[in-house]
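Look at the two complexes coming up: chain A is in both, with chain B in one and chain C in the other.
Coming up: the complex of A and B.
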């Protein structure tokens, strides 16, 4: 005999499960199944000639691919790319937000301009910069004396920083909006109090403003690292991994190996590795950096 | 601690077309507890922020001591400020909050420790030093804000309604502590409040502001006994002074003022009224009555609790009055010097 209360509880739980079912099904089909399938594909070696059967090699393919320069060099390029884009993106976004966080006449026009790149797609940003960086007609190439020849994008030293610059520029609008919102959340009274307490502008910024907006800085860092490791569009449009593999970041390498070399085994191993790296990096950031973050509601 | 005078000379402050302060002249003596009193939006906080350096006057001169400070940064004015909402740094511990001004001034760590402990002890904050402001009660936060101001040993304190966020009991306690503190260290205090009880109990002198214009400056007794105009008369005192149209020695166009404590329930009284409201406060009752001959005017009467028969709402009662009566010009609203 089931009591009335228990029956209500069962009915409520059943309803809850029915409600989350659509989301669960979508998650299973588009996230969980591909992840498991990728991991599974990583255990099959693709034969050098099409038509031959794939061979089960288990985890040995993981150890061979992950220790090979075919994976390690793109991983290093991705790391460099993240190191170029994340700190610079946050600092620039914060810097511009600080400049625009003033009660000046016409400041709204500047705020609109600063945040406008958020409405720009990777493709548009890449085309703009491709034109600017063009070895023959590009304005940037002209300024830095890189006329003729292969230009900046063809220069092994400057290609990755150039692509990173495009990303920083494109993400600046988002960083600016994020940082502006954070700056607006800092109570004026605290900055006034610090001013009367004898703190200089610099001290107020680093001792009061930065700690109080640290949750936003932390958030920007996490999503910056994740999106940095997932950079693809700008590479594909600007350099296709060149020159000589100097902008061949991990995701572009995975794409090349999968679609160009049709090596589903190797590319699956790399994709799983990228997933694991991002998860570990995010956990590490939470463990190491979050201690420095001040959340107002967590006392 | 040193005591320093503050003076504001013809200080104007405009925000666009809004006038926040209109030609304000104030002279705060060294060591004085000076209160700026007025309703919301009267410009008292603006005046305070101008002294602290957080606002610049549109015109006029601000002096702290002998120094004109118009162009001096807040950090270089040697003014400590206590804010209405305490403005404690939420990410720093109580200790770091208190020593923030000392760190900003590069005071040695040994000296910092000594002064923080001294102030924490005097404000009973020793046990809270390692906690964050979010973990403290309102009263404790208020103490930390005070400690942060005191630890600097400044020349001048400015306080912007520091007790307004506290509950009634705590407010009375903190009021006493602030007075005590002022008596001990004798530093000049410029204190802003809209609470006349605070102003009357704490201030050596009070300046009353309305719409950015100074109405009167004087000791609490001065402003109570000799209000300069109907605004001050109506603002100081609870219930406020009764103001009604009248005449003076046959001269019409007067407003007559009588304090509620000078109006009495009197069966033989000449003023016929009807009771509209009775507020019982325990130690006394405030009775509001509508005059029979002038339905517009409400008269407040303070009835001590010793009076056994408190009238009820709607009851017809008679009142009598005693001196002092105050006479105000009904056009200028200024008080006439004659007191009958």
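Coming up: the complex of A and C.
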């Protein structure tokens, strides 16, 4: 005979499994299975002609793809893209947040304006800048004295910085909100005390404000790098990886190799590489968040 | 005297930055109200003296923005509702029930946060084809109908409810479902609302996945629809920009409506800090 308490426990366990089942079915089909499958697909070489059977080549495909320029060049382009977007985005966001931090008449209007780009999606921002950079009708092209030709987005040197600029603009609202919140958390009495002690504004900023908001700065850096490696829409809408592969970032290369070349083997190897890069960055982020909690407890 | 000069300088900087930030949006609005020839005209028109509004109706019908927006609204609303439902249920189990393998299963939920959707597109695309979901709403909704971050956030929020509330509800003869609907949901509506906004915005702004699994105008979301629109002739740029503005407008409205909640959240954090 089962006691009443034990029956309740069994019934509660059954209820719990029913409640987590919907989420777990979706996680199994669309997260865990495809993750394992991507590793697995990376071990099969896709024949150059459709219809022929795929050949098991094991890890050798990993070493051949990962050492080849078709992977290394996009990896370098992604790295450059991150280097262009992340530091500039953080410095601009912080600078504008500092400027808008003090209470002035009408400051709320400025704060709303600075946050406004958070409402634009990657696609919206990209299409707007696509028209501004159009070689014949775009306003920016006109201002820099360019008429016709391939334009900025067709220029091998300037295409990637131009795409990066679009992203910096699109993410400025978020960076501004994040940095403003961080500045709000710095206690005013600490800054006032330093001012009484004769510390200059610059000194107070670098010796008090920056160390206190450093968790937010690290957080912004990590999520900036992660989203930089996931850049796709802006490339697809502005340059399609061109000119001559100069904006062919990692995810765009994966998309092209998979979708255009139908090479699941090579694209899966690259997807696994992207996964490893992003996991390492996420772990770094978790460690930083833990440290932040630790500091807060200590205070 | 020196402080007033400083304040003036501060305003000058603020105004310059505001102009730079707003400029692309301003020009997009201006050019959407000009004709194609006027946009190409040099020197450029920086203010539309005779605005032409027909670009918006053209973008809506000829540019299919009406269809794209409808698809996006359907997909984003259903994805949000589905993710909310699965997350609330799972979060409740993790917060209030004891069962075997609980810790492992919770760790698996957290592990999904480590797997960005971009990494798994190749097998997921095949799964969609095998299920016969190419060009359908389920392809756009179901893969995102569960959310690791949603389960995590709601479980944290649920656990902050006082233990006595649960005991009192049990004494009143409440079962788990009644406790969930009558007590847990109403008391956690702030976090549920915050996650709903987050889920809606992430769904609305998706680009790569909808591009992969749809190829007809009837099931294209508005972000991918902009890609179609971008391909119009250069002399139809007013229509392209009108469509872009229509695509951005719902999000501007949502953020404007919920601005007070967002600001309140930020200032509450500031007071606590």
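Rule of thumb we're sticking to: the second predicted complex is superposed on the first by the 255 of 299 C-alpha atoms of A that agree within 3 Å, B and C clash if a C-alpha of one lies under 4 Å from a C-alpha of the other, contacts with A are read in each partner's own complex, and residues count from 1 in each chain.
Heads up, the rule we're going with is that a residue touches a chain if its C-beta (ideal position, glycine included) is under 8 Å from a C-beta of that chain, and two chains touch if they have at least 3 such contacts.
Remember, predicted model here, so these are calculated numbers, not experimental data.
Visitor: Given the alignment on chain A, is it a clash or a fit between chain B and chain C?
Guide: Superposition check on chain A shows chain B and chain C fit without a clash.
Visitor: Looking at A:26, would you say it contacts chain B, chain C, both, or neither? Reply first, second, both or neither.
Guide: In the superposition, A:26 touches chain C alone.
Visitor: For A:255, select first, second, both or neither according to whether it touches chain B, chain C, the two together, or no partner.
Guide: Second partner only.
Visitor: With the two structures laid over each other on chain A, which partner does A:110 touch: chain B (first), chain C (second), both, or neither?
Guide: After superposition on chain A, A:110 lies in contact with chain C alone.
Visitor: For the three-chain arrangement built by superposition, which of chain B and chain C touches the greater number of chain A residues?
Guide: Ranking chain B and chain C by residues of chain A touched puts C first.
Visitor: Does the superposition put A:189 against chain B (first), chain C (second), both, or neither?
Guide: Only chain B is touched by A:189; chain C is not.
Visitor: Return, as a multiple of 10 degrees, the angle whose vertex is the Cα centre of chain A and whose sides reach the Cα centres of chain B and chain C.
Guide: 80
Visitor: With the two complexes superposed on chain A, say which partner A:208 touches: chain B (first), chain C (second), both, or neither.
Guide: In the superposed model, A:208 contacts chain B only, not chain C.
Visitor: Go through the superposed model and pick first if A:197 touches only chain B, second if only chain C, both, or neither.
Guide: first
Visitor: What's the minimum Cα gap, in whole angstrom, linking chain B and chain C in the superposed view?
Guide: After superposing on chain A, chain B and chain C come no closer than 8 Å at C-alpha.
Visitor: Taking the two structures together, which residues of chain A meet both chain B and chain C?
Guide: Chain A residues touching both partners: 187.
Visitor: Show me the residue ranges of chain A that touch chain C in the complex, using the header's touch definition.
Guide: These residues of chain A touch chain C: 9, 12-13, 15-17, 19-20, 22-24, 26-27, 29-35, 37-38, 41, 96, 99-100, 102, 104, 107, 110, 112-114, 116-132, 134, 136-137, 139, 142, 169, 172, 177, 180-181, 184-185, 187, 226, 230, 232-233, 236-237, 251, 254-255, 258-259, 264, 267-268, 271-272, 274-275, 278-279, 282.
Visitor: Considering the complex alone, what residue numbers of chain C touch chain A?
Guide: Residue list for chain C touching chain A: 7, 10-11, 13-14, 17-18, 21-22, 24-25, 27-28, 31, 39-40, 42, 44, 85-87, 89-90, 92-94, 97-100, 102, 105, 108-109, 112-116, 118-125, 127, 142-143, 145-148, 151, 176, 204-205, 207-208, 211-212, 223-224, 226-227, 229-230, 234, 237, 240-241, 244, 247-248, 251-252, 255, 259, 266-267, 269-270, 273.
Visitor: Can you tell me which positions in chain A touch chain B when the two form their complex?
Guide: Interface residues on the chain A side: 187, 189-190, 192-200, 203, 207-208, 211-212, 294, 296, 299.
Visitor: Looking at the complex, which residues from chain B come into contact with chain A?
Guide: 49, 52-54, 73-75, 77, 79-81, 83, 85, 87, 89-91, 100-101, 104-105, 132, 134-135, 148, 152
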